[in-house]
Amino acid sequence: MQPKAKRRIVVIAEFSIHPIGTGTSVGRYVKAAVRSMSGIPGLTFDVAPMSSVLEAENIGTILEAVEVSHRALRSMGVKRISSSLRIDERLDKRRMMSDKTRGLKRLTRATS
Amino acid sequence: MQPKAKRRIVVIAEFSIHPIGTGTSVGRYVKAAVRSMSGIPGLTFDVAPMSSVLEAENIGTILEAVEVSHRALRSMGVKRISSSLRIDERLDKRRMMSDKTRGLKRLTRATS
Amino acid sequence: MQPKAKRRIVVIAEFSIHPIGTGTSVGRYVKAAVRSMSGIPGLTFDVAPMSSVLEAENIGTILEAVEVSHRALRSMGVKRISSSLRIDERLDKRRMMSDKTRGLKRLTRATS
Amino acid sequence: MQPKAKRRIVVIAEFSIHPIGTGTSVGRYVKAAVRSMSGIPGLTFDVAPMSSVLEAENIGTILEAVEVSHRALRSMGVKRISSSLRIDERLDKRRMMSDKTRGLKRLTRATS
């Protein structure tokens, strides 16, 4: 439904969440948080090893992802939740998250 | 000296915001962001050298601080804004931000 | 396609760096930082839209990436540098950065 | 022993560390990390509710604080450690951590 992937002005963010005190394996909590974000209209996201990258047309949508993620962990009975969010809001140039790594990927040395 | 300061269950967070591309001195933007937060009902905050510490009874209030801070910088004409938020939500114990440094302050070596 | 890729105990981190005050486009500085990291023995990294994901067998290697990145920006004449590092050190289980997104990728909604 | 508190060019950072999986109370680990930093020559630090503020003349000293803190938690038997570091390196102006909150403190609303 985005036929030409038009350049929009978007807010890009990086979000990470984990419980403290439930054991060293937190995968199922991270999965619940990611799943909770999938119901948010207007939010695009991708998972990376340390966080999820979020993309939306406005900050409110990004912040909603934070709110539903905390709610998801609370509903699983988590008693202490730590999360981290970094926002990059750019108003002078239309871009998407994929634009940010263009030209950098060839410099990386991935696990082989 | 805090006669009734009752222990509430609160969300404590750390928030930092700065413009990118407006010069190396960003103090007036930080001040505008801090001022914008002072209008939020239910939000307690304190400034530290690298960020502001926020305290509220729920996450929505914390996220509102992020939203108004970005809005404050946009209204000053900033074209790119970087912000960072770390949340510590604890449900098993009533505490306030001051509880978190108790017993640690005496270990510090502050600038003299 | 990773025939022996043996599981090692590794430190995984997320690192981001940008200059403040050089304009809103910071791509060439990010590229210089990423390039500076490519000379570090024992460091594996991958770039994501908001940060680079770093992987090494010990924390010293991760911290060296921070040091050379700051040096790279200073050598370009940058007068103020902001960086962010989040470390996840795990000692009870052998894993690599690719293990952390397994099972999560299918939940994402990437830009289309 | 710093009679006139002369302005130096310093690196200011914010550092936070906690174990994952040892229970919701992490105070004794935080205390061990803070204590481990007190042996680092050239490092000044202050604790805040969400992190410690670090100040040093060069980045290497800041990174040493990260390294000793992780070591302190490992030596307590922690199996998974999460830490977060934000660095603000400024080369065009001499300042100390106390300069960064000047003029902002009066805007705050502390817990009362």
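When the chains are written out, they are named A, B, C and D in that same order, and each has its own residue count from 1.
Assume a contact is a pair of C-beta atoms (placed from the backbone, for glycine too) under 8 Å apart; a residue touches a chain by one contact, two chains touch by 3 or more.
Please read all numbers here as calculations on a predicted model, not as lab measurements.
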Measuring centre to centre with C-alpha atoms, which chain is farthest from chain D?
-> A
Which chain pair shares more contacting C-beta pairs: A-C, or A-D?
-> A-C
Expressed in whole Å, how far the mean CA point of chain C lies from that of chain D is 22
Where chain A and chain D are represented by their mean Cα positions, the distance between them in whole Å | 27
Mean-CA-position distance for chain C and chain A (Å) | 17
Scan chain C for residues touching two or more other chains and write them down.
-> 24-25, 79-80, 82, 84, 86, 88, 90, 92
Touching residues (chain side chain A, partner chain D) in the complex | 18-26, 79-80, 82, 84
Provide the residue numbers of chain B that touch chain A in the complex, in ascending order.
-> 59-60, 63, 66-67, 70, 74, 78-92
Across the complex, what residues on chain C touch chain A?
-> 2, 5, 12-14, 16, 24-25, 27, 30-31, 34-35, 38, 43-53, 55, 84, 86, 88, 90, 92-93, 96-98, 100-101, 103-105, 107-112
